[in-house]
Every structure is written in C-alpha cells, then in structure tokens.
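First the structure, which I've put down as structure tokens, then a few questions once you've had a look.
Each chain carries a letter (A, B, C, D and E) given by its place in the written order, and its residues are counted from 1.
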Amino acid sequence: MLAFVIRRLGQSLLVLFAMSLLVFASVYLIGNPADILISMDADQAERTRLAHAMGLDRSLPLQYAHFLWRALQGDLGQSFVHGVPAVALVFERLPATLELAAVAMAIAMGIGLPLGLWAGLKPESFAGKAIMTGSILGFSLPTFWVGLMLIMVFSVQLGWLPAGGRGPTQELLGLQLSLFSLEGWKHLLLPALNLALFKLALVTRLTRAGTREALTQDYVKFARAKGLSPARVVGVHVLKNIMVPIVTVVALEFGALVAFAAVTETIFAWPGAGKLIIESIGLLDRPVVVAYLLVVVAMFTLLNLLVDIAYSALDPRVRLGDAGA
Amino acid sequence: MSTQFATLGEGAEVPALPVPKPAADAAPVESPLRLFLRQYAESKIALIGAALLLLLALAALLAPVLASQNPYDLAQLDILDARLPPGSHAAEAGRLYLLGTDEQGRDMLSAMLYGLRISLAIGIVATVAALSLGSTLGLLAAYAGGRLDAFLMRVVDIQLSFPAILLALVLITVLQPGVGNVALALVAVQWAYYARTVRAAALVERKKEYIEAAQGLGLSGARIVFRHLLPNCLPPVIVVAALQVANAIALEATLSFLGIGVPITEPSLGLMIANGQQSLLAGQYWMSVYPGLLLLATILAINLVADQLRDVLNPRLSRQ
Amino acid sequence: MQTSTPLLELRATSKRFVKKADAAARLARLLGAPPAAQTVHAVDRVSLAVKSGEVVGLVGESGCGKSTLGRLAAGLHGLSEGERWWQGENAAALEQRLPRADYRRHMLGIQMVFQDPYASLNPRLRVQQIVGEAPLAHGLVDAGGQEELVAGLLRRVGLDPQLMRRYPHQFSGGQRARIGIARALAVRPRLLICDEAVAALDVSIQAQVINLFMQLREELRLTYLFISHDLGVVRHISDRVLVMYLGRVVESAPAEAIFEAPLHPYTQGLLAEAPKLEVRRKRFVAIRGEIPSPMNPPRGCHFHPRCPQALPRCAEEAPVLAQAGADRWVACHRIDTQAVDAAASYKTGSAGVKNLQGGVTGLC
Amino acid sequence: ACALPAQELRIGLASNPSTVDPHFYNNDAVSAVVSHAYETLVALDPDTRLVPALAASWRAVDDRTWEFKLRDGVKFHDGSSLSAEDVLFSLDRPAAIANSPSSFATYTRSITGKKAIDRLTVQLTTAAPAPLLPNDLTRIFIVSKKAAEKASTDDFNQVKVDAGTGPFRIVKFSPGASVQFARFDDYWGAKPAWTALTLRMLPADAARMSALLSGDVQLVENVQANLVSQFRQNKDLAVFDKVSSRVMFLYTDHRDSSPFVTDKEGRPLAKNPLKDARVRQAISKLIDRKLLAERVLDRLAVPTANIAAPGMFGFNPKLKPEAVDLAGARRLLAEAGYPEGFGLTLFGPNDRYINDEQVVQAIGQMLTRGGIATKVQVSPMSTYVGRASKKELGFGLLGWGVGGGEPSGAMRGLLGAPDKEKGMGATNWSSYASPAFDALLTEALRTVDDRKREQLLQDAAEQALAKDFAIIPLYHQVATWAGRKGIAFVPRVDEFTLAYQVRPD
Amino acid sequence: MTTPTLIVEGLQTRFFTRAGIATAVDEVSFTVDRGQVMGLVGESGSGKSMTGYSMLGLVDAPGRVTGGKVLLTQRDGEVLDLLQLSPRALQAVRGNRVAMIFQDPMMTLNPVLRIGTQMIEAVRAHHRVSAKAARERAAAALAKVGIASPHERLLAYPHQFSGGMRQRVAIAIALLNEPDLIIADEPTTALDVTIQGQILAEMQALCRESGTALIWITHDLSVVAGLADTVSVMYAGRIVEQGPVAEVLERPRHPYTRGLIASAPSRNPRGRPLAQIPGMTPSLLALPPGCAFQARCARADAACRATPPLVRLPERQLRCFHPHSVIAATTA
C-alpha cells in the first residue's frame, strides 16, 4: 500500500514535470504572449519593456529553468493577463467547474444506474432496447450542439431556465458554491445536464453490461438458491459487484468531465476553470495554462489514487501493493 | 471379462481408432468470417446500421461525383447565394440548392458530402494510425516485458492522465489547424488507449497454452507475436476502435467548435455544425441542422455496428 | 545403475518466481512497510531422469509445481538453478554453441501436450496451420508437402483428414485434444510431456485419448512425462511415478511399487483419499489441514504440519531424496535403511508389502 | 415593481475583462468596465470628441506645457475630495505597475515634468511638443491617492479599495462571471437611473443573445450579426448601432519576396507581385466592399478608404471607397506583368472581428474570381498574431480600433517605417516605408494646432492609402447593441458600453 | 415405510434457442429418501446441473421447465409440488427446505461481501431473528463444517479462504436452515483429493446425523461409489439407469453405464488399452430420434430408433431395449 502510494506519487511528479516542459515549449512555439496582450497603440519601447517584464526576452531553456526554480519554491508565476498568481486564479475558478462536474456526475449516476440496471435485467424488453438505443444517441451527439439546443428550447423558447452564467454563490468550506439557492440550481441545471449526457450514456451502458455479466455468475445463482428476494439479489449482490468497474470508470471520467467542461462552460458562460483555460490559451497566458494543467493532472492523479483505494474497498480481492503495472 | 466388453477392449488395439463422425459434420464448414457474418446478421438494427454506414461511406467516397458543386473551390462559390434556404435557386446559373447554402454560398448538400468525406477520413485515418501505433507498442510492451514495458506504460500513464481534449487543443494550437494536424492530434490523444488495451489483452493471451505450444514448437519470436498473439489481441481493440472512429469524429467537431479544427475552406461536418450554429438563433437552421443530422446518422451507424461487433467478437460469447 | 544415458535429465533444478521490488517498494520498506517482494518456490531442487521409451508419471496436488516442472523440462521456463540435459548434452551449453535456429530444431525432440483443449489451440488458425506450421517453419517439410503431412498426422490421431480446413471451435473437446497431440507429433518428438492432457475430458473420451497415447508410444517409440493429479490414470500408463509435494519430489518409484506400497506418509495419504470404484460405503478420513502456500512453505519437511507421523526433526530439517530400494527414492526422515531393505523385498509378495507398511508405521 | 424607479440594470458583455484595477491592463474591455467607477481628466463623447471630465478645462500654455483645471467638489468613493495630488499620483501609478501586460505608461511617457500649481491646477510639461497629450489623458483614470497608494492590483480585484469618482462603485468582481456595481450617490455629475448595475461576461454569442431574449439581461453589446435584422423587427427589443472607430483592412507585403505568394500553380515567385502598387490597387478594385457589407456582414459595415471613421478627427472625405472594377483590376495586373494573375494565401483571425472568417473567405472568392488564385487560412487570434507579427504571413486581414479620438496613433504604428527610436511602425506588418508619408506624419505629431494637424493627417492618409496603396482599407465595423424595450442607450464610436448612458424611457 | 423426501416425476426442461429447442432434461424421475444420498452421474452436458436447477426454479432464460412434478415432503409431513409454487413460495423453500451447493467454490460466494453477511442474509431471508442470533447460528454452522475460530472468520472475505474452506462455507450455508434436502452440484470436482476426502467425510456425517436427504451430482463414479446409497446415471438429458449403488456399479446393465465403468483405468489391466466407448456425446440440438446412445452403442439396432421407456425392475430402473444380462460381472 505504502509502496503503491509512493510509486504513484513518483509517477505523478514525473508526469507533472513532463507536462510543464511540454506546455512550456508549446506555448513558446505558438507565439509571443506580448504580441497578443499588448495594445495595438504600443510602441516598440513598450513592447520591449513588456517582453522583459514577462521574462520573454530570454531563451526558452533559461525561461524554463527559471520557471522550474520558482515552481520548486511553490510559485508557478503570475498570470500575464490577470496579474495575480496563476495557481490562485485556477483555484478561484475550480470550484465552479467542480460543482458543475459533480452535479453532472450525480445526474449521470442517478439516472444512468437505474436505467442500466433495468436494461440489464430485461435486455429483451422494449424498454431495455429503447434505453440502449437512447444511450447510443447520448454517445453520438456532440456536446456543444446539445448545449445549444438546450438553450434554444429551455431558455429561449420556453423561458424556464437562464441561458448562461452562474447563480448566486455562497461559501462553504472556502468554496464558492451555488448549490444553496433555487436561483443557483436554475443556472446549474442546463449546463450540468449538457455535461452529463455523455457520461449518462456511458454509465447506462456500463451498468447494463455489468448487470448482464453478473447475472450469469454463480454467486448470483447461489444467492437465489439461498432464497433471497430478487430485490436483495439485485440490490446487494449484483449492484455491489458492478459498482467496482463503474466506480473506476466514473472516477476516471470525472477527470475527463472536468476537462470537457471547457466546452460546456464556453457555451453556457459558466465561470469555471475550463473557460479560463480556453481563454488563457487564446491569450497565451502561459502561467495560467501551465498552472491549470498541472493542477488538473495533479487532480487526475489524486483521483486515480482514490479510485484505486476505493477499488480495494469495494473489491476486497484487490491488493494495492502488487499493482505492478 | 464379458464378451461384450471384449469387442470394446480388444477392438481398440487394432489401429482402427474409430474415427468419430461427429454431429459437427452435418453443419457446413464455417469459416470465422462466415460465422461472424451470420452472427452479425442476427440483429436487425445492426444490419440497418451497417447498411447505413455503407451508404454513408459510399456517399463520402463518391462525393466528387455526386456533388453538384466543388465546395472547396472558391471560384465556384458566389457570395450572392449566401444563406439561401433549402430549395432556393441560385441568383445567376439558376441551379437548385436542395438543402440551402451556407454563409459563403456553398451548396449545403455538396458541402455535406465533402464534409462527410473529411470527417470520416479524419476519424478513420486517426483511428487506424492510433490503432497501429498503439497496438504495436502495447504488444511490444507485453511481449518484451521488463524495462521496455515499464517505460512504455509510464508514457501511457502520462498520456492518459492528460485530458484528451486539452491535449488536442494545445497540440493543434502549436501545429496550426489543418486536416493532417487534427488527425495527428487525434492519434496523439488515442494511441495510449490501444497500447494499454492491447497490452492487457496480450498479457492474458500470452499466458494461454497455445502460445506456450508455439514456443515449444521452436517458432521464432516475431512469428509468435504477429501470427499468434496479435490476431488474438485485436478483437477487443477493434471494437474499441470502431467506437473511437465515432469519438474521433465528435472530437474533431468539438475542436472545430473551439475554432481550431479543419480549415474553414474545407469544412468537415463538425465545422459546418459549429459555424452553422451561429445562424440557429436567426432561424437559418439548415446550416447547422442538416450537417448535424448527417453527423448524427454517421456516428449512430458506427456505434450500431461497433455495438454488434462487440457482441459478436466478445470472446465469452464466441466460444459457444 | 543405468548404463544408457537418460533421454532427458534435470539435475537439481529449481524454479523461483520472484516479484522484484522496484524503487518505490524499497523506499516503502525503508519507511517501515512490510516487504512486498515475494518469492514462489514453485520447484525446489528437483532431479529427474527420463529414460528413452519410459513413461514417467508425475502426481501431486494442485499448486505443487507439476506444471512448472513440466515446463522446465520442456524448456518453456528458464531454470533458476540446476541443469537440463537432453540426450546426454547440457542444453545450456548447447544453446551457447549452436545457432539459434539449429538449437531450436535440436530441442524439438521435446514437445508438450496441454490440458485445456480450448486454450491450447490458437482459435484463429485452421487445423492445417496449427498442425503444419512448425514443420514448415523448421523446414521439415515444404509447403507442398504440408497438407499430406497434416493428413497423415490427423489420421494417426484418429481424426478425419478432411477436417483439416476447420477451426478449433468446430471440434469437440476430445477432438481438440487429438489435434493438440497431432501438433506435437508433427515435429517428430522423442519425448512428450503431457500436462494434465486428459483432465478436461469426459470419462468416455478420456479412455479414447489414453488409448491413443499408449498406441502412439508403441508405434513411434515415444517417451512420456505424464503429469496428472488423477492417480488412476497415472497408475494405468506409467512405468515410474514421481510424487511431488510443494515443489519437492517426495517419492519416486516404479508405478506398481508405489501404488502397492507407498513409503512416504503423503503418498500413503494421497492413495488412501483417492476415491475408488471398488470401495463401498467408505468412511472418509482425511489428511488434516490445507496445502500450505508455496510463498512461505513450512520449514523443514514441507509436509510435516499435516503429517500424522511427524518427528520434531521434520520441522527443522528438510529430508533429502534417499534411495530406498531398487529404483526407489523417498524423502522422509522416517524411512531408514531398515525400511529400505524391506522395500527391496516388496516383490516377494503381498505379505511382504503388508509387512513393509507395518514396518513403516511401526517406526512411529 | 413598476412603481419603483428602475432599479437594477444587467448588461451582457461580449468580453471578459481580467481586472478592475484601472491602471493594470491597457485594454478596451477593461477600460470600458472600469469607466463606470473611474473617470479621466478628459473624456471622449460618443463621437470621440474630447470633452471635459474631471478636468473642467485645459489649455496649452506653450508648445511643451499643458495646464489642467480640475473640477471642484468632486468626491471619491472613499469620501476624500479630488485634488491635484491625486492626479499626479494617478499619472505616476501606471509606470509603477511592472507586470502589466499592456501598460498605460505609453500614454504618460511623453510627460517629463508635472507639478501641482494649486489644489485644482496641474501643469504637465513634455520634452517635445505633445499635441496629443489631452487625447492620451482620456486613457488615464484618476484614482484617490489616499485609497490607492498602498493597494495592489489584487486589492483592486478583491474590491478592498474603492478609489474612483465615477457614478458607480464596484461592489464585487467575479472574474469570468460578472462585475457588480452600486450607484455612487455623491457623484458630481448627473446620477444614473440605476441603483445597481451588473455587467455579466457572456462572450459566447449564443449565451449572450439568449440571455437578452430570455430577459436575463436588459442590454447586450455586439449583437450577433445575423440576428440584427431579426432583433430590429422584434417588438420586445431595440437595436442601437454606431459606425465604430474600428477600421478593417488588408495588409500587404512590401518586401522583395513574400512567403505565401506564388504563381498560379503554387510555385514560388522570384519577385513579390505585392510590392507593385498596381497589384495592390488591383486587389482593392477586386473587392466588392458593398457586397461584403451587405451580404457577409449583415450591413454591420460601412465601406471605407480611410483609417479614421467618418466624422472623426482626421477623416479625409476625399478618399472614396474603391468601387469594384474587374476590368480595371485586370488591366492593372497586366500592366504589372501578371496578366494571368498569381497565387496568394490570405490569412485572418476567426475569433476576433464581426464575421471575420466569413469576410476572409469572401475576399478569397472575390480575388479568385479576379484571377488571383487565393487560398484562405484562418486561425485564432493568438496564433495568427504571433505569426503575423513575425512577418511570416504577408497578406492578411486586420482591424484597428482607432482610439484616443484621432488616427495619428494608428498611422504611426501601422504605416510608419519601422523605427524603434521614434516608436514608428510597431505593427507595420506590411513593411511599408515611405519617406513622404513619414515626413507628413512626423510633422503632424508635433503640431499642436488642431486645424493644421488635421490637414497633415489627411494628407498623410492620402499619401499612404490613395497613392501608395500601402494597406487596403475595407470597411468600418458598425458596433451594435440591443436592449429590451424600454431602454434607451447612446451608442458610442469607441464601442464602450457605458451603463450611465442607459436610461429607462 | 415413510414417504420419500423427494419424488421427481417426468421432469422436463427445454432450452428455446435460436438454433432450435434443446431438451436438457427429459422425463427425469427419481426418489430420494430421508437421510439417503443419491448420486447423479453423467458426462458433461448430460443435464445433471439442469436437473438440480429445474427442481428449484433456477433455470435461466431461454430455458424453461416444461413438465413434471417435484414433490417435496417436509419434515412436518407437508407435501409441496415445487413446480406449482408461486415465485414467493418457492423463494421461501429455496435455501430453507431445499439447499443447493455449486461446483466452483471460487465462484459461488460473492467476492465483495463478507462471509458473515452472506450467511446472515441466508438465515434472515427465512427466519425472523435478530442479526445477533443469525450471527450465532452462522458461527455454529461454520464450526460444524470444521472451520476454526468461526466468529473471526465471519468477518473475512471469500478470497481470504482457500478453495476447500470456501466450499465448506457453502456447505455451512446450505446447512444453516436445516433443510430437508441438499442438492450438491459437483461440490468437490474443483478440489484436490485430500480436500475432497475431508469434505466427503463431513457431508456423510452431517446427512447421517440430521436425516437430510442429499443429491450428489458428479461425473466421477468413484465418488458415488464411496458416498451414495443410490445412483442415477444420466445420458443426454435422460436417466438411463438407476438403482442402489452396489447394484448399478457392480452389475451395470445399460450399455452406457457399463461402458463408463469399464473405461475407468482401475477396471483395466495396467498398461493395456482401456475399454472405450466410441464416438462422443451428441449435441442436444441434433439428437436423433429414439435412444440417444444408439450411435455409440454396439448393441443398437432398429428398435433403438424408438425412445426406450423407463423400465422398472426390482432394485433397478433402466431405459434400454437391449440391456446386458445381470450375470455379466465386473471386469477387474
């Protein structure tokens, strides 16, 4: 277990290092942030000053070495555009994204699991087939397009829900969350639904596959032979077993959800980290891009770790120590 | 010993080991391909999917023949014909725009046929390239083991812990938008899945006795890897790949939506949707909805086919 | 004792499966985590000689290392320790000396037949390729002759040659077993290592395949190392039997001798437990306890925790395989020269055997 | 709710201002937002003419000295009163912000000496004649020295300081989401009709438009082009527009060879045809600006041959938009030695200007029809600018918001022969260099007399645009806003969306 | 004489597959007395497990029980036809009056639930007892099958047990509610001989003590030889021969039973070819009309094209037109 955690952390550091190098070089290749940030009126003197102030007049290796040195001291630099520490900026925006992703995941699980169970228990029924066909749709529709349709229908045509933005927030444990008011939920619903759609299809399909697989297992037959009620057989024996793969996938997909939130956030003007990264790439705000990616990768790693630990909790057969590869 | 048993017992010593005429003889010899096709055809909806896919692929392939206009040739476009609703006629030549025109005066139908071509090409090329790269590396890792395996899997870990869309975003921004680069980015995003899946499959297959038998028969490593191991590792990956084609197409559409997809002058379906969505609110639905429907149909068809593939190729089911 | 060199000889071979500790694991250990590195002593200094024309049976319970030993013999696993000699030559030296392809061809004389009729045939190849691939690859036959060769082999194992265009899934379990045998025969082996080759088959089919093995032995002068946990089968076809327990050979003797008069307490227990058709309303009395894990086997004699006759010494000192009569070897502290003498006379009659058993138990 | 006076105003912005520190980032989006809470000495009216703001009046004492009389009785949000001290502090502060991504110091750099004559009089001296100083000072917000002296940008963003004099005070800044304001009741000027103001950042067109349609916001800026006519007909909405100071043009490569100029088969050319003024003129003649404006830009464009917008200081009425003239263009091309035309790649951004990528494509079409086989390549502004500023591109679409009320700054950056010392040609991606033009412009830049200066600027424009075809002006964008019915708004040339110019009616 | 615990009459189970209808269990009839052990033997696919599942209504789609009676006489004398019960009533019988044990000890216990959970739920599904009482009962059952420190073991997960111990847990679960009948489906096939010996010993003792009837499904005649009172031999879904173990194994009359016994290595001289049944088991989907064994039977003739009826002889039931005479003795 300890070895496992150490191995994972070691790997993560490696990943973080590779990532920072990559992003650093990428942004350098894309262009000079000064060109895009600076006002068109600015003369060459101002341009030179800016390049120097941002450290952009040095060679790439030097810039990177400088960055690395500061990073080791816990400073990932200041946002070029916002003038505040990049990490702080990312953390300021992250709660909105996490909130969105979490609600989306909850929707995906809350609806996908029952649907998948149903389809798995009655694969030949009309409902079962309809659910599966529907889930293919969920897979097929591009997120941005669905988002637009949601806006068209629910905000513009019906006027039920706001078209974008985030509702009023309240602080909980240092996070600004909008979950505590009706208005907040109204703003949250559409983007969360939009984001959830793909995962919903995924969870449904996974659950169905898992259920069908579990139903053929001897232990399910044995549970029935013990005289347990169908509810207990499905609710405990089947469900607990399919939770293992589902939790894994879902937790890993949570990371993807955070990443994909960029699209949804753009459409729904959701002030989250995804929108920040898109804007920052657009403005070549390198410290923010680097910081965001590092934070996301760190989050991914943490999630992975948690998944593995959850895995061993859900499936007692799994021993973390010998996870070699 | 009774007389009855004598016939059984002694008869066996003569070389006439009775050749069983098994019931299987009654069934015609069925090659895996035939078996596969028969099993595939068992689902109606999957057949419809396959037919649809075939149709779409043909349409894409024959786009230059079928389309009334080359939408990529700026000289053939007339800005005066921009944003005409379906069924309109061109200002000058009097030709019919069955599905309307886009903001550049492109015939939507022609543009969609060409766009389908690009979308499918990107999806397929990216997936096949990623599949080849990924499965080769995965196979290598599984068969070689040791340091190479560890190294490759670390690279895969790194790759997989990085959100695909962001990677593609950064990559294309660096490489400049373009069909080739989009495909390249998609390869970069996808290969790791295959590497991991193939490696996992190969690790399982490698333990099977037929591989040991091949080793025992003194066959060369390359022969074992490519003739014995690879064909048995591919089915699960092929299913994933079929789904990934759909995914790649959707991802390309998303990239286009974010403004860094294929070139604007050679729009893919995704780019057409993304651009056309500007006009949705203005009621000019055709620019976005028709390509959207086509994309939907394409991805749906691919998914249907892939789904059935999964069922048919599922090793657990195919045993019976 | 033997004048002719054995066909195959394993000299004090061991196989250890080690999970190496990586840097992280070592670091964790420094930080006080329990050691994660584990070593499985699958085969522990086993010596084995198979004479030409002999059928050697290898029995033992699950996980005792039978398959591993078989794979060592076949060259599918590298040795952790010891030497492997084939037709009087050290295989390791041979591998150094000969070009790769030649070495491989040279070692084709040892072939394996596997247990699982499903997993042992490549599902994506036709029978013709499965059987004919290796001869072709080694140049034993040219492409044109392949079909004829395969047809002959199939006929020999009792399959209709017309079936050679089929795929494995189109055959029944028994037919698949025959295909596996034909594949091994295709490279003209001298020694067949059969790892549970009939275990997965139904009783009626099992008899067919055992008969095939015996017939082939006659016709092709084959030598067998026959691995099985089914004592009845081993008894039926073996000339000599080795009994393994937890990676070690505990007893080795001619088949008749071992089944009539087992010396080692484990062999005795094993034979007593094996259900027999003849026994009616038997009261089952069991060897106590479970088979220990090969990851941390008991000290001393591996069998001592379950042994009804264990001595204090058994817990400390591993007994070596000692000669206990003509062609009989046993690893037990209980067996001394007395018993050996008695054992030497086992052929004197059933009374003698009873005496021997009495003698052995009498030592307790 | 009807009985109460209009209470809260919510506006959907198309931009994403990154800060509310008035001196941190010289960027129109930021300045527009900050303008609600901070004011400048000199302001621009909706037509970008200079009008008094915190300075009640100003005059040139001599060629190198400007004197500003401050308005009396102006209160800062922190309660202190405006004095010369605050002005001097505010002029110094921009240069003190080291990490500014685009510094306001550009506008204060010409000032070499400043002193407070009395509590309400400030005198500024410059090294060289600086006729544009009042224009430059329309950019510098005045903050309370007391409040801002120790404040960092972060303090501004977290609204720990409230140092402005404007009609609203910032209550909350949520980056990427919104800025909230409350009315400042001690404001010296006319009080806005709204007690509260929220500027929501809705850069995605669809979100912004639907927010308006669903009533989430009462006013939006940058109406999506293809919705303008529909909104005009919508009886719940009102559309406001104004020809903007943003001019769109094509820059052309004047160097001897240009990377993307080829013959018709795509082979490189020995000589760069774009270097020939006749070719540039031909290109200009091939472009149907009217068609662009009407079909591609939904009438949100006014064809132009100028840099300054009509009505703006320096606008040259003699320069008329080139009419389409295919025959003329062909003749010019033939004269230049390219009767069969040649090949080009036209570059442009796809996320910056109104329908930018459609415009680029349409121009591509027009040139192709005229015999110049044109390929089109668009990319996001970030990559586009990066390549263009390294002069890797040669031929592309660019827009310039002519700020500060006159085009001299734009001309200096865009058309001046690149010269670091003089600060000329910083954005001269065409590599245009004309001594005649430079002479006119340099003269203008040190002429304090407005009439003379305007004449010089008009002459310079004529030299560069009508004689040299240095760049090819296309059109001025029309800025648009749309509000719910019952809202009156005064549109501005500089495209700023200012809530105090919104009124319930 | 008391009524037998179990009377099965004409049990038939069919699988309705795409490829056709497979009759996996066909006209199966037998009885098991209180405290008796019946061995049900046959080759793979002969329908042994399906017979067991059919009795408890555990056949999954596309299979269905299509006929017959399964009469269970409970300890209190009440007789139930298991095939007629409502799903709820059947649920109350399963695991309570009739328990089942499966072949693969690795697969029968739910890997993600504690042993205790799985045992307690089995008690509480049938008895309104407190969790504590159920736990006690579970521990007692574990102790009965020879598992040391049962209370701690209840907290363990299945993977922490060896195969033999798991199978004992499964047996303990079967014993929990003191059923009238246990159906054991090859519970020792996957285990080693020494472990098999232990389990057989325990089962034997338990049935003797409690009077529980036991159906022991196996393909290994020698296990039946040692354990069972009566034996039923199945071939292709039908019982072909049935009777007391001593009778059937010593004096098999059906050609199939006889071939099966004769092919056992121990019945053949060492080193000589084994007696063998030619051919292989037919596919249930392509079963020829009449006797399913005819293609492999040396004695088959035209009569065998008709389905042989189950002939009840004293001490024996047979399904064959040409049975061997009783005198043909063992070969050993």
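Going forward, contacts are C-beta pairs under 8 Å (C-beta built on N, C-alpha and C of every residue); 3 or more make two chains touch, one makes a residue touch a chain.
Note that this is a predicted model, so its numbers are computed, not measured.
Student: Need the graph distance between subunit B and subunit C over the touch network, please.
Tutor: Minimum number of steps from subunit B to subunit C: 1.
Student: Among the chains, which is located farthest from subunit E on the basis of C-alpha centroids?
Tutor: Farthest from subunit E by mean C-alpha position: D.
Student: Counting only C-beta pairs in contact, which pair of chains has the most of them?
Tutor: A-D
Student: Hey, how far is the Cα centre of subunit A from the one of subunit B, in Å?
Tutor: 25
Student: From the mean C-alpha coordinate of subunit B to that of subunit D, what's the distance rounded to whole Å?
Tutor: Result: the chain centres lie 48 Å from each other.
Student: Indicate the whole-number Å distance between the mean C-alpha point of subunit C and the mean C-alpha point of subunit D.
Tutor: 88
Student: Taking the mean of the C-alpha atoms as each chain's centre, how many Å separate subunit C from subunit E?
Tutor: 32
Student: Hunt down the residues of subunit D that sit against at least two other chains at once, touch-wise.
Tutor: Each of 206, 210, 213, 351, 380, 382-383 in subunit D touches at least two other chains.
Student: Listing for subunit C: what residues touch at least two other chains?
Tutor: 172, 174-175, 208, 211, 215 - these are the residues of subunit C that touch more than one other chain.
Student: Hey, what residues on subunit A touch two or more of the other chains?
Tutor: 30, 148, 152, 156, 266, 281 - these are the residues of subunit A that touch more than one other chain.
Student: In their shared complex, at which residues does subunit D touch subunit A?
Tutor: Those residues of subunit D that touch subunit A are 16, 18-19, 21, 24-27, 97-103, 105-106, 109, 153-154, 157, 174-178, 200-204, 206-208, 210-211, 213-216, 351, 380-383, 385-387, 389, 400-401, 403-404, 409-410, 412-413, 418, 420, 423-424, 426-427.
Student: Given the complex with subunit A, which residues does subunit B contribute to the contact?
Tutor: 45, 149-150, 153-154, 157-158, 161-166, 169-171, 173-174, 243, 246, 250, 253-254, 257-258, 270, 273-274, 277, 280-281, 288, 292, 295-296, 299-300, 303-304, 307
Student: Spell out the residues on subunit E that touch subunit A in their complex, using ranges where they run on.
Tutor: 53, 56, 58, 60, 91-96, 99-100, 102-104, 107-113, 118, 121-122, 125-126, 157, 159-160, 170, 173
Student: For subunit C, which residues count as touching subunit E in their complex?
Tutor: 61-62, 172-175, 202-208, 210-211, 214-215, 229, 231-233, 235-237, 255-256, 269-270, 272-287, 290-291
Student: Going by the contact rule set out above, which residues of subunit A touch subunit C in the complex?
Tutor: Where subunit A meets subunit C, its residues are 1-4, 6-7, 10, 321-322, 324.
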